[in-house]
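Here chain A shows up in two complexes: once beside chain B, once beside chain C.
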Partner chain A sequence: MQKIAYYPGCTMKTTAKNFEDSAIAVFKKLGIELVEIPRWNCCGTVYSLTSDDLMHHLAPIRNLIRVKEMGCDKVVTFCSMCYNTLKQSNLRFQQNEEERQKINDFMYREELNYEGDVEIVQALEFLRDSVGFKKIAEKVKNPLNGLKVAPYYGCLLLRPKEASIDNPEDPSIVEDLIKSLGAEPVDFPYKNECCMSYLTVNHKDIVAERTFNIIKSAGKFGADMILTSCPLCEYNLDARQREALEKFPDHLSMPVLYFTQLMAMALGLDDKDIRFDLNYIKPDDKLIKSNI
Partner chain B sequence: MKIKIPLEKKTKFREKIEELSGENLFACYQCGRCSGGCPGASQMDMLPNQVMRYIYLGAEEEVLNSKTIWVCASCYMCTQRCPKGVNLTKVMEAARQMYLRKNQDYFSPDNIPQKDREELPTIAMVSCLRKMSS
Partner chain C sequence: MAKKKTEKSVMDRIAEANKPVTTGVDEKDIKQWVMIYIMGRGYKVPADLTILTAMEFAGYRFVRGVGCRQGFCGACGTVYRKAGEYKLQTGLACQTRVEDGMYLVQIPFSPAKKPIYNIQKEPYDVSVLLKYFPEIARCVSCNTCSKACPQDIETMDYIQCALRGDFEELAEISFDCIRCGLCAMRCPAEIVQYNVGQLGRRMYGRYGLKKPEHLKVRIKELEAKKFDKELDVLEKASKEKLVELYAARVREKD
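What follows is the complex of A and B.
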């Protein structure tokens, strides 16, 4: 079985446990073992944008040191925010020699001097480039024929463009994955727009309105469900439907799944691997069963 | 709105933002594509292109007390769309940092109700407090 270093990040271990469980099971089914990085720490969730703030790049870079300590030079991550933070910090580290020195100096107690030579790969990229959607299609046990799925990229898989996993304005990677599972991708105008992210903490109302608009649009284009790769997008689009319904009584609820959950359905994995128990809006039984 | 700006202050605020963001404010020619693409624009009291102009004019108080810089969730859409290659995401962050570096929080952990703390994903709380507290 092929092995690859895996960075989970904080939320995959807590509210997005369904993301992690389905991810591990799906990768195992594809013959890949995700080996968790020992002693990993939170990446900080957001990339520090100011020119003089080096301190906040220590957390992501320290995780890359752990990857090197495992003897690896490639790490897979699922969460869009982790991916973006690790990727951008690594790019900045690679491009600026003076900062590289300072960051290493900060972490003088680490045994290893990091050189910027770890490749950060988002799981969707890994599926496209290292596994291949063709191979995934061959492994499908229950083709999801007739299921209409709206891919929701959000912001951090695609922007900024130097950290993008696909064309930032016209991506197709999730659509290709959906097709390989036998389902039908639904294009809708909000697919690469932000869900307003962490404003869910101090402005539930703004996020609820955003969620209402995103889901309404996906529904208008015929989607049965929305697919995401970010635990924060998932929470906002899924759990915030509660507030969306309070604010907009005509809101029609729609399930929001992680791409690994949809893959687990198609690959014929058990309920314990798919873990709909942690999704706020449960996918309709008929919708699921008619496709399995 | 009429704003009077002393010349000295005008330069200082813009220069500080330029230093923190690493961006050239003069590159902006006010086409407004940033505001056109911004998913938070409807909730803002000052559109992203207006923020650029206000900083250019040195209107420190107006920018730092605007709702806009806190509605911005750093989604990079403005940066992606800017025909002049200005990274507005960094400019917004610089403005937030100028506020926070006065040793004040815009939003502090104490403001999160216990019930929400139990339900919110870790990722939401960490990112919110990274962006909004000093």
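What follows is the complex of A and C.
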């Protein structure tokens, strides 16, 4: 079995456990073992754009040191937020020698100096480039024929363009994955809009309105469900449908799945690997069964 | 009369054991001296003392900020910097030897958030840690806490375990914590690491660990009064008999 260093991130271990469980099972099915990096810490959560705020780059860089300590030069991560933070910090680190020295000096207790030489790969990129959608299609046991899936990229997979996993203006990576599973991708204008992110803490109403609009648009274009790779997008689009329904009585609920959950369905994995128990809106039984 | 004078009380013996080690040693016999600075004032002290005994040598008397003198109680947290060095260092006064040019200050107490909770009523997941210590989410992984720890605990690692609800690993890493509070005094995110660790270990002990089977068996035996008869025998035995039984006891291997 092929092995690859894996950075989970805190949310994959807590509220997005369905993302992690389905991810590990799907990768195993594809012959890839995700090896969790030892002693990892929080990714830093949000990439700090402040020019003189190096303190917030310690967390992402320290994780990359842990990857090197495993003897690896490449790490796979699933959560869009973790991916974006690790990727952007690494790019900044590579491009600025003075900052590189400062960060390494501050982390003098670490046994190795980080040189900026770890490649951060988002799991979708890994599936496209190292596995191949063709191979995934071959492994599909239950083609999801007739299922209409709206890919939701959000911000963090595509922006800024240096950290984008695909063409930031016209991405197709999630669409290609959906096709490989036998389902039909649904294009809709909100696919790379922001989910309103952390406003969900203090301004549920703003998030509820955005969620209502995104789901309404996906529904208008015929989607049965929305697909994401970000636990924060998932939370805002899925759990905030409760507030959306309170605010907009004509809101039609729609399930929001992690891409690994959809893959697990198509690859014929068990319920315990798919973990719909942690999704707020449960995919309709008929919808699921007619496709499996 | 004479016998009474030489027989020391327990309290006298404790007081004697707690005296600085150089008591009774003639100063002219001490070959190595170092200069230390206690709260800014310089003192010449014998080089083989710990910070604690050196401060006592210098005339300080501790009523707080001292405890077991064995590196276990965590009462004598100390912060120091050596002359000419940029690094601020930490240690336990009873376990750290004085060095020339040490500038010292004691941290006898750390003002720290200590919430009251009932672990029986809390869920066994990350939410309990975030509920009582939401500031753990402010950790930037700077690792200053681990640098400060006199027990060499990877403090930051267990705070990161707390953030992801990994109670087992948290309990494992933080097990040797003696709650001196130095981590919390150094943390730029104002986290009270040692209290987070304690809540984590309590939750793990209550929910994470398996209930020991042998304990259930023993409780049943006690309820069935299995040992009452033997206890009766012991209670009625003379002192000589007890000494004899004690000497002949069978012990499990350590």
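In this section, the second predicted complex is superposed on the first by the 292 of 292 C-alpha atoms of A that agree within 3 Å, B and C clash if a C-alpha of one lies under 4 Å from a C-alpha of the other, contacts with A are read in each partner's own complex, and residues count from 1 in each chain.
One rule holds for everything that comes next: a contact is a pair of C-beta atoms (placed from the backbone, for glycine too) under 8 Å apart; a residue touches a chain by one contact, two chains touch by 3 or more.
Note that this is a predicted model, so its numbers are computed, not measured.
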item	value
First, second, both or neither for A:Cys79, with chain B first and chain C second	first
Touching partner for A:Asp52 - first (chain B), second (chain C), both, neither	first
Which superposed partner A:Leu252 touches (first chain B, second chain C, both, neither)	neither
First, second, both or neither for A:Thr14, with chain B first and chain C second	both
Chain B versus chain C as contact partner of A:Arg210, first or second or both or neither	first
First, second, both or neither for A:Met107, with chain B first and chain C second	second
Which superposed partner A:Tyr235 touches (first chain B, second chain C, both, neither)	first
Residues of chain A touched, compared between chain B and chain C (which is higher)	B
First, second, both or neither for A:Arg39, with chain B first and chain C second	second
Contact residues common to both interfaces of chain A (with chain B and with chain C)	10, 14, 42, 44, 56
Residue ranges of chain B touching chain A (in the complex, touch as defined)	19-22, 39-40, 43, 71, 73-77, 79-80, 87, 89-90, 93-94, 97, 107, 111-112, 116, 119-128, 130-132
In the complex, chain A residues that touch chain C	10, 13-14, 39-42, 44, 55-56, 58-59, 62, 106-107, 109
Touching residues on chain C, where the partner in the complex is chain A	125-126, 139-143, 146-147, 154, 156-157, 160, 163-166, 188
Of all residues in chain A, those that touch chain B in their complex	9-11, 14-16, 42, 44-46, 49-53, 56, 79, 81, 154-156, 159-161, 168-169, 193-194, 196-203, 206, 210, 231-232, 235, 239
